[in-house]
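Notes follow once the structure below has been shown.
The chains carry the letters A, B, C and D, assigned in the order they are written, with residues numbered from 1 in each.
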Amino acid sequence: MADEIKIGAYICQGCGIGDRVDTAQMAQVAQRDAKASIAREHEFLCNAEGVKMIQDDIDNEGVNRVAIVACSRRAKTEAFNFQNVAITRGNIREGVIWVRPDTDEARETTQDMADDYTRMAVAECKYIGVPDNSEEAQYNRTIMVVGGGISGMTAATEAAKAGYPVHLIEKTGALGGAAAKSWKRIPQKSPYRDLEDTGVAELISEIEASDKITVHLNSTLTKTSGAPGRFSADITTESGSTTTENFGAIIQASGYSEYDANQLPELGYGKSPNVVTQAELDAMALEANGGPIKTKDGKDINSVAFVQCAGQRSEKEGHLSYCSGHCCMSSVKQAMYFKDQNPAVDTNVIYTDLRMPGAGGEDFYRGGQEKGVTFTKGSVSEVVTSGSELEVKFKDLILNEDTSEKVDLVVLATGQVANSGLNIDEVGQDEPGEWQSNPESILNLSYRQGKDMPQLTKGFNDSHFICFPYETRRTGIYACGPVRRPMDMQQAIEDAAGATMKAIQAVENAGKGRAAHPRAGDLSYPIFRREGCTQCKRCTVECPFGAIDEDEQRFPQFNEARCRRCGTCMGACPVRVISFENYSVDSVGQQLKIVDIPDEFEEKPRILALACENDAYPALDMAAMNKVEYSAFVRIIPIRCLGSTNLIWITDALNSGYDGVVLMGCQKGENYQCHFVRGSEIAHVRMSKVDDTLQSLSLEPERVSVHEVAITDIERAPQIINEMAETIENIGMSPFKF
Amino acid sequence: MADIIATNETILVVGGGISGMTAALEAAEYGKQIILVEKNPSVGGRVSQLYKYFPKLCHPTCGQEINQRRIKANPNIRMMTMTEVTSVSGEEGNYSVTLTSQPRYVNENCTACGDCGDVVEAEFDDDYNYGLGKRKGVYLPHKMAYPQRYVLDPQIVGTPDATKAAEACKYGAIDLDMQEETNTITVGAIIWATGWKPYDANKIQPYGYDRIQNVITSVEFERLSDPHGPTGGKILRPSDGKEAKDIAFIQCAGSRDQNYLKHCSRICCMASLKQTTYVRERYGDEGKASIYYIDIRAIDRIDDFYQKVQADENVHFIKSKVANIVEDKASGNPVLRGVDTEGYNRYENPHELVVLAVGMEPSVPAGDFPVTVKVNEHGFIEQDESNGAIFAAGCSADALDVNRAVQSATASALRAIQVVNRVAGTEG
Amino acid sequence: MAKKEYSFYPGCSSQKGASGSNYQVSVDAMCDVLDIQLNDIPDWNCCSASIGYAGGGELPRLALSARNLALSEEANPGQDVVATCAACWLATRETKDRLLDNGGLMKETNEALSAAGLKVEANQNVRHMVEVLIEDFGYEGLGQHVKKPLEGIKIAGYVGCQTNRPFGIDGESFENPMYLDKLVETMGAEPITNYDKKVSCCGGALAFSEPEKSQALIKDIIESAYDSGAEMIATPCPVCQMNVEVYQDQINAKYKTKFDIPVVYYSQLMSVAYGKSGKEAGLDGQVIRAKKLEEIASK
Amino acid sequence: MSNLNQAMVEKYRNSFLQEVQANVEEGDWVKMCMQCGVCAGSCPMGPYWEHPPQEIFMMIRAGKREEVLSSDSMWMCTSCYNCIARCPRGLPITHIMHGLAHYADRLGLAPKEQPTRKFANKFWDNLTKKGRVNELKLGLALYFMNGFFEGIKVALANQKLGLNMLKAKRMSIAEMFGGHGVKDSNGLHAILKKAREIELAKADEFKG
């Protein structure tokens, strides 16, 4: 902050504010109490004239901090958009007049509210600046793609097409992965009836022809460190030689492994060579190369049974509980291998739910039927392998009878198991200095929180968000293909393109020091006062994105380009040495401190509400739009994430005479809604310790309450505030008033 | 309207639903200039009309808030509502597109204070609630509507209501002289994300949607179940406003059927499974749901949601395409007739309410698409060389759930970027 | 309006002394008013309806209708083939469609026809009389000839199966076709629109072989007509007409009901409304007299 | 077992589906069924079907030849076309049912005493004799199809009906003697004979 702070406070009278509260008094409060250099009122602040008034002060009066005291920070953002000045918003419309009755008795408390929000807006202004991006920001356009299957190859070519150099790392001696081991693929174009070539050959030649793509075969990653824009990876070949390359972003397309069919003896696997998996049948088809597919011992095949969900969608020990998505389509594809070659071969697909979705799926199903593939809704109990003939025993669910059919070949539709490396919840990271590469790991990250991407469920590196499938807990590293979620080739190709989009985006943002979603574009980053640090490691442990490492002396290393600016580290820090240019312990702490606390005889309690800006705060806004009333004694401060709540705020509030504190964050736990994944969860844990504070102050525990609030809790959020007001009425005012 | 700056390095995104918003945001946050056009007064599309998402049962509003904030924070996006593409010409890297914008009759001065809405009397069917409720002649489409700016219904222009509204506005935000506007712009690539519409249930004659009051559609059911919907979240049946606690869900209502939509709409199975949880959420043990299906398509890892619902003894699964529905005149209950094909059991089941899981009909202008684009027989845009730099996103590409639509939108953003990077010669 | 000519396929039930003879009488009266000339297909044969399947295989059955088409093409070229009987219409139209979309069948059929020196092209439209009325005249046009509106008669339009499925009348739905109601209304009577057995099956030919089963169906059809306030049932199909009308005694005996509801043809309603006598309207052919119509006719 | 039946059994060994596709009217459609059951639910005679159409299709795929062909289910079809109108896959179910019934009858597997089977055959014989249906003879034949005494009973039961029809001039004793018919009955018979020949030949040459 070079030049001295000059705060302008601008109080709007529009939308009824002027009629409901004394804006002149607010202007006075802004200058007298909060020390704003300039305070102006305007009857319509967001129109061209009002905006010009502010811009003039910025241009001519040297105003460099602007406190807009008008409507919610979510409203009129286009109008109140001033460059190179710090802006805060005092919410008088949604925060005061829309939630308070327009009555004489209410007038005084309503004015109190407006005055306080004015003070708070100005106070916040004092403690925030315009962030400038970190010196740490680096720009490296090279993308590393891990895995040379259809997903990885697609990602590589797509990135190259966008103009980005690529290093493609493949564990085996050849590109192609599972796709290369297939004879044909499920059609991706209408009429979705006839099989298509896998497209692997084209992709490989495209890669070989590209001057942008460097392929590393027989190679794995033995160490990956750094951050978006400055990743560094050791690429080690089978022979043990290692090269180190630098990258801007990483795409993990490590694919899947076939479920181990040996766990399905009841289905005859291992007992007869003529019980095979889908993968094995594709290998046989490749071998037949368009000719009749023969059994492993060279006999003709006149009848085939496809057993769907083999070892899948089952809670049985050793089975996969999920559906692998592609298997129904794949079985129809494989049945066509036979039908296209010789229509006389009987091919029967035994399924419980036939899952062939979308436009292509139903057409392909019909196409299979037209070619004479038959379908039986049934559940297979056993495949009897006596002699050369196989007998599939199943319950025909339509004819409702136990029956069986004798076939020459049984194909088991077994599932996909994600190649996601180590489960970091089970395998912890090595201690600093003792770090070692782990052959089981895909990425071998040097990250403090573990060597691989966190897994969402069932081993898949998927995002938990419906709206944000590429949300990642390792900024700049994006999973795609069957390692992210079970899928077929067409989806994998689409998925790879999406992940590539995110990767090149990460590169560009890292270069400019900009945060990734959900605080996209935020230039702030954690600023850390090393001398004050006690090396308690809470920040490194609690960061939901594994952004923070530890250096040799065990001091935190923030890796700004990995940071999402949620402030969880700031909230975790007991000695408050972590802050952001535009968000800090002070920028919130000073707001709650400047609130006027009437002495207890005035019968005006004060409730501090810290509301998550992502869900709770919008919910309160919408409550206001619905004119839902709530207590005039509350003072609400929006925060980035409940995870950023530092205990000092609670302690300060209680010490300075607040009668109650309400915290509102997002849903935590397995089905979390927190946009910073674990912020809300961590805050809840943190707040469970607040009781000690309360006891030390000999205050009732009810004075502090923590809630999970959804953005749709339009009635509930105000209710929570009112409940705290009632609680205070019952237990009485805080003794800590001055 | 301020001039629209666009060059052949600009990307046009058609449709402001979750797919269009995502495509626009991903490309803008990468650094490209975007023009995002939406034909409705606010962005958000179909998802803004959903109560919850499957399988998480979280609220679409939540993601909408984030995406709206991303748009507010991003100077690269020029958003135009009430605007449609009326012509496209040119080729990859250089398209000329005509945009036609309908008058909103409310300008940027609007503060969404609501004074205008309070004074007008005329009310119209609320299309945000699929006509289940009413809205004023000047209105904010819904609480989360973005831009947060009122709309004046053209039907009241020239009526006293319009003048009343104009007088009520202290900020000169209501401008009754607004005219239709057309702008022709140049763009390098186009992302087509016009989404889908629910299949017209009137066409599914055996189910009597047009004759039996207590037969409704799955999209209507979302609004009924939403605490912020027309019934405050009470599941009230149209015939008598009674609470419906025994509800039937009919799958493939218009899908997988050559008489209607030939394709599988993918989302309906999961949507109905989700909706059974609404019934249980509201009525506890009194809530009963029956799902009539052909195949339950709870695909890949979300199959566990199906397993959860199956474990609920108040939810029944009947493997049957319902033959027809008749109304029990006395009770107003729809009576479902058909055969449970798992072992041949004939049924004639009365339910208090029937929800048709209606299929997904792409909103791609079939046949009369502005330029040559490969549209398949189902009306979806297929990826094809001949499409030039026109890329389908979300349900313009296939019947997709939200998660896959967003994925598809992200991919389409990349494809558009590849084109404009080539134009800009920045592909290195 | 100029005289309209059609190649007419009367069908077995319309013959003198056959179960639908009164239908034919009323059709003639109606056509006279509308200035329609029906040119019989010379030496037409039975279509084998839908029940002929057991004895006749696919091709023999197609050949029967094909013979009629061939004769029609010969004698009444360029004219639409019109049938009044639902079964005749359906069998003939189905034959035409199947011959046209299956070259093999067309070839084989002609091979069979050649045994009698005939050849079929299936190039004439095959239409039900109701289609002719609605499409070539329109409700308005039909209304213009009304002399004696059928005031105060509540009529349930029983469409039945084969005039409705699988082809039906253009623009109508399978589940709730409105054309009979509109016709009834056009003739000045009061249609029972919420009649929900409108398109239910009367058992068709199984009325003979499976009387109990069919009569159960017929009972529901009549009951629902009564329940919805009908005093008369109108139909476009001789099988429907016969089944619903003539078994009422037996149904009453079996189910202890008191059914006595006249079942007439749309053409009879029209003839009466057009001022024809009861005899001309074939009312004397009713097993259950349609008294209200007779009254109006005799005015 | 009839010779034809014998022949067919040998020809199609284990694939009843292929036998149906080759020999049954519209039989090629059977494989397109997706077991939704809308046909079963739409049939007015539904309750009387031992095996509804969709189940019959499944049985055909499952190779239940005897059960299907000797079933009286197909004979329940009233030709109302509800199933065809509603089938999502466009199967001509009515015709397939007719085709199966006809095929079963031809192979001599159809239940002998099935009333509709008898009536349908009588109907065919009646109409093919003269080219037009003789309702009176058909009616009487129908009454006596279950033997003389049974016939008298049925006839008496339907006496009133008969009289009603006579009164209404919708039944004519004249029909007993000659009655209606086509002039060129030779031609008609020739056509039918030829058609039948072609059909049998076609079934024969089909290689399963």
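Criterion: a residue touches a chain if its C-beta (ideal position, glycine included) is under 8 Å from a C-beta of that chain, and two chains touch if they have at least 3 such contacts.
Keep in mind the model is a prediction, meaning the values are calculated, not measured.
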item	value
Excluding chain A, groups that stay connected where the other chains sit	one piece
Given chain B and chain D, the chains that contact each of them	A, C
Contact-richer chain pair [B-C vs A-D]	A-D
From chain B, the most remote chain by mean C-alpha position	D
By mean Cα position, the chain sitting nearest the middle	B
Centroid distance [mean C-alpha coordinates] between chain C and chain B, Å	46
Computed distance of Cα centres, chain D from chain A, in Å	64
Separation of mean Cα positions, chain C and chain A [Å, integer]	67
Chain centre separation (chain A, chain B; CA means) in Å	24
For chain D, residues that touch 2 or more chains besides their own	34-35, 54-55, 82, 86, 89
Set of chain C residues in contact with two or more other chains	174
Multi-chain contact residues (two or more partners), chain B	206, 256, 319, 324, 341, 344
Pairs of chains, among all present, that meet the touch criterion	A-B, A-D, B-C, B-D, C-D
Complex contact set, residues of chain D against chain B	34-38, 40-42, 46-47, 51-52, 54-55, 82, 86, 88-90
Contact set on chain A toward chain D in their complex	346, 365-366, 369-370, 372, 374-377, 396, 398-399, 403
Of all residues in chain A, those that touch chain B in their complex	14-16, 44, 46-47, 71, 74-79, 93, 141, 158, 161-165, 188-191, 212, 313, 321-325, 353-363, 377, 397-400, 457-458, 460, 462, 464-470, 485-487, 491, 494-495, 497-498, 500-502, 504-505, 508-509, 517-518, 520-521, 614-615, 618, 622, 625-626, 667, 671, 673, 675, 710-712, 714-715
Chain A contact footprint on chain D (complex, rising order)	15, 17, 31-32, 34-35, 54-55, 58-59, 61-62, 89
Chain C residues touching chain D - in the complex, by the definition given at the top	12-13, 15-22, 43-46, 48-60, 62-64, 67, 108-109, 111-118, 161-162, 165-166, 174, 200-201, 203-206, 208-210, 213-214, 217, 246-247, 249-250, 284-287
